[in-house]
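Across the two complexes that follow, chain A remains constant while its partner is chain B and subsequently chain C.
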Partner chain A sequence: MKTIPIRLRHIMLGLFSSLALLWPLLFGTGGTTATLEQVFAFAAFAMSYDLLIGYTGIISFGHAMFFGTGAYVVAIALARGNGHTMSFLFGFGLAVVGAVVLSLLVAFISLRIRNAYFAMITLAVGQVFAVMAGSQGLRQWTHGNDGLTFSVPNWLNGDLTLYYLCLFFLFLTAVFLTRFVASPVGQVLRGIRENESRAVGLGLGVVQFKTLAFVVSGVTATLAGGVYALAQSFVSTGVYDVSGISLNVLLMVVIGGVGTLYGGVLGAAVLVGVQNLFSNWSGWPILTQHEMLWFGILYILIVRFLPQGILGSVVARGGVVSWRALPRFKKSQT
Partner chain B sequence: MENLLEVDSLATDIGQFHILTGVSFTVPEQQITVLLGRNGAGKTTTLRTMMGYLPPRSGQVRLRGESLQSVPTWQIVRKGVGYVPEDANIFANLSVAENLSLSLPGRHHRNSSNLALTQVQEQFPDLREHWQKPAGVLSGGQRQMLAIACVLVGGPAVMLIDEPSKGLSPLFVERLGDVLLTLQGSTTILLVEQNFYLASRVGQQYVLMDDGKTVAAGPMHELLAALDLQQRYLGIRILSEEMNIP
Partner chain C sequence: MSVVVTLIFNGLANGALYFLMSAGLTLIFGLLRVINFAHGVFYLWGAYAGVFLYNEFHNFLLAILGGVITGAALGLLTERGLMAKVYQDPTRQLLLTMGVLLVLTELLKIPFGRDPAGATIPSMLAKSWLLGHFVLVEYQVFTLGMGILVYVGLLLLLHRTRLGLVIRAGVANPDLVLARGVPIRRIFTAMFMLGAGLAGLAGALAGPYYGSVTPDMGMNMQLNAFIIVVLGGLGSLNGSVLGSLLIGVATAVVGYYAPSLAVLAAVLVMAMVLVVRPAGLFGEKEVA
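Let's look at the complex of A and B:
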């Protein structure tokens, strides 16, 4: 388990916070702030996922079910409530309740079984939600595959307000999850991740602790989905997509550094940033038309040269990464 | 002397193999009972069955008369049965202090936790030097000390310790014996041990196993006098016979 040294953490937080706070004032609102809003929502989502994979050792391929549910519940509440503040509050409140119920249900069904089967069950449940969101039966609520456009409360209409709301949400998520993983519960989760059998042998209720982690992660991911929907003022079945959301969040955490918590922020910035770069770039069709191919190559390079992710590798080397320190392919001896 | 643990006609299968076919013994309170036997006799399987890691085919394990049948492992621990397994008995990536605090039942109460950790530092001075280091950097002997300390801070009614001397140098076996001797009279221990020297040094009671069942039990001094039992079930050869000394 990699622990970010406190000094490095403070420097990173200071730099990131200052840059994020000043960005719209220095560079204005518009395209970049819209991208950053996505980054903040995905960063919170990635941090919630790292709580599972990095701190508890649970691999879920269906984390999009929480993200998507948060996005849809907030979107439907705002669409039905004509963008009223009460519908905003009701939407987020309902999303939290829904996330708790959903995560308890999935945990009850699947957390007692082995990790590989757990991952398969989360994948299946995630797919059920994706199908439901696009189904004709729920079309009056979700608008099926057309997606749902909605208006946000008046006080959120300015670009700047929305930007700072997303940033504030990421800040709150970071503070909460940092405190959570540093708490005695977080310590138990790290123990479970490392040696589940021994944790049981010390009298720790592993299923109960895993369930708690799953609920906390699920609620955070749901809120992140709600914030993402706010930033877009639109939601479609894409928020439940396995490759677009569930696998992307896994990539974000792996690229940033599993078990570092803040690595997810870096991973989200890299992935969302590069995705936006590709989609806005008209030149070099070989790059823009085969986006996933390049992500695949990036993933292979990260796994090969920075197996602990970007931030994880920085931490592992005491805050300094030099080119010489990177692992190389061994030359053949023959 | 009251019996804290009772194992009654325990039988356990692993897959299609009958590993335990009839294990019965008692563990008296505040004594060290040593479970002895050759490799493959079923000692570790007995401990794992008692802890609920393996479901028994038949038989009973009782703690203060209460059956532990179908009780999940973590609840058996909460009822007061501490377990130090043979391998993988620490969290290598957590610090020594974190390993210990995970085992504290009242870890949310800072004062009681600090008191328990201070006692561990006094009892295991080797660990004090490595307090904030990852447990993975400890030597084999220090790891065993940590594993025992982790269970000890939980305040168990009885400790089940599986071959703590395995792979340790004679010096560490000696130190381990010293630690176990400090627990003699205050803690109830069921110790699985291959090292007969250590077993006879710390044990007050013995249980002898062979081929998945118990074959003898009683006070340790009786086993020390029963050379035929030692030879038949533990493979300890009598030096005088080996060397043809009349």
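Let's look at the complex of A and C:
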């Protein structure tokens, strides 16, 4: 039973990766590759988010704080350095350091007591970043609500290179996170998700492991934000938006499938694809101008009736342990 | 000096609004053990119901009642229709309430649009008095009075009635209350409706208080309420009173000098308290 889904997964993976690799060669660069670059950046972001919600069982409602910081730090470094390669490297390096510091700070005030605190505090901190990015005091750095345009290094300047950079980044993220969740640390994280008291009872430093997951997820999300900024050559306060980014990535992961890692890729493709489609389409305003309403309803239905999401449900059919079975553990313990 | 007095009074009036939000949030958590991420949307719909009714009928009492009823009705639908179905799974309850916030906020934008809509203070509450250099605004006094009224009402409910006894027992041990033959599920629903109704009341009061209503106000108010309950300690009513006043004054003072930094100030106050007391001022020590 168990070999079938794995083989199927490999076939699907191979199919989609070769399609992604060949796409610009077959269909040329243009509107679609720009959309695909966004999909790749958001897919990596969604995978980093799934590490928290799907593998550790903690929910952040402010993950835009990392995505946005990555985008802004890379953008500001490149704008200041006139697109020099050194400023490119410096920007990504600084973004990673910033992400580590930020995630440690947030983890310190929010992860020590209760998982619900984490959700509330990340939401609040995320909002602080959104306000700061648009504030007058930082205007000379961020250009406030106008947004910031910058040029990428010369060797990156070209639709094809940028496309393959985004794809390569998604590939690296996927490999890294797959290895990470399969590692002993990843097993501990899943143990915490399934039964936290038992993990404490086994003498595991639950807070430290959660903090580690948050740092890894934050750094990955920051890099995704940086790559997103590169793909756009522009960054605005929208990258910190609560509903535009933080809740969007939640919808991507939930719709795609919580705890499957690759579900986030599927969710990102669906959401970014539909959002781009709707923004270029003027008919049916109730559908195209309020797409978050329909995605929100879909999200509620999935959480209520299909907690494994689309991909998760497909995989579960193949005989892999289902996520829905988890609450039974919790119930028996009290 | 008059600036300081004005700011502190503004802060107290802000705090009264914050308290109406955070009281519901903290009571719901105390009993149902779930953070209601849809709380801001009850407030938002309460605000729009209040403004709509006041513009139609010019009756402020009706507007306030409409806000409360809108909030409570949405609370009933959310609790019965969604949360009760995934009762044993706190993570999914959390995710569902966030979905309710998202959907209802977006739904409101279809008839009312994304732009702010003006809200007027009813003429009977629009007076203001000059005391030396200090201006006392009647609507702020009214808001503060409502906050105190609700606090006293909640204390009486919790400590002087049989329902309050059941609620406090339910906070301590819901299973045991159920074993005594009390239908705890119904108490849960009632508590959720009470909290949602208070959020609706806060919304109906907030429209005239801030002079306009926008679709963003729900999320912004919810953030303040979260900061307050985390700071005061989840589940503690007195913690949310103290937290509301603290955050109310802090946002009033910082907002006077740098309006955009008010939320930063609130988060910093919260972070400082949490570093010293990780469970909040009056929070119970519970290992996650």
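Note that the second predicted complex is superposed on the first by the 303 of 334 C-alpha atoms of A that agree within 3 Å, B and C clash if a C-alpha of one lies under 4 Å from a C-alpha of the other, contacts with A are read in each partner's own complex, and residues count from 1 in each chain.
To be clear about the criterion, a residue touches a chain if its C-beta (ideal position, glycine included) is under 8 Å from a C-beta of that chain, and two chains touch if they have at least 3 such contacts.
What you see is a predicted model, and the numbers here were worked out from it, not measured in a lab.
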item	value
Superposed partners chain B and chain C on chain A - clash or fit	fit
Partner chain in contact with A:104 - chain B first, chain C second, else both or neither	neither
First, second, both or neither for A:206, with chain B first and chain C second	both
Which superposed partner A:274 touches (first chain B, second chain C, both, neither)	neither
Contacts of A:191 with chain B and chain C, given as first, second, both or neither	first
Contact breadth on chain A, by residue count: chain C or chain B	C
Smallest separation of CA atoms, chain C relative to chain B, angstrom	8
Interface residues of chain A shared between complexes with chain B and chain C	200, 206
Contacting residues of chain B [partner chain A, same complex]	51, 53, 73-75, 77-78, 83, 85, 88-94, 98, 101-103, 105, 107-108, 150-151, 154
Contact footprint of chain C on chain A as seen in their complex	57, 59, 61, 108-117, 119-121, 123-125, 127-128, 131-132, 134-137, 196, 200, 206-207, 242-243, 247, 250, 254, 286, 290, 292-293, 296-297, 299-300, 303-304, 307, 327, 330-331
Chain B-facing residues of chain A, complex	1, 184, 187-188, 190-191, 194-195, 197-206
Residue ranges of chain C in contact with chain A within the complex	29, 34-35, 37, 82, 85-86, 88-92, 94-96, 98-100, 102-103, 105-107, 109-110, 219-220, 223, 226-227, 229-230, 234, 258, 260-261, 263-264, 266-267, 270-271, 274-275, 278-279, 283, 286-288
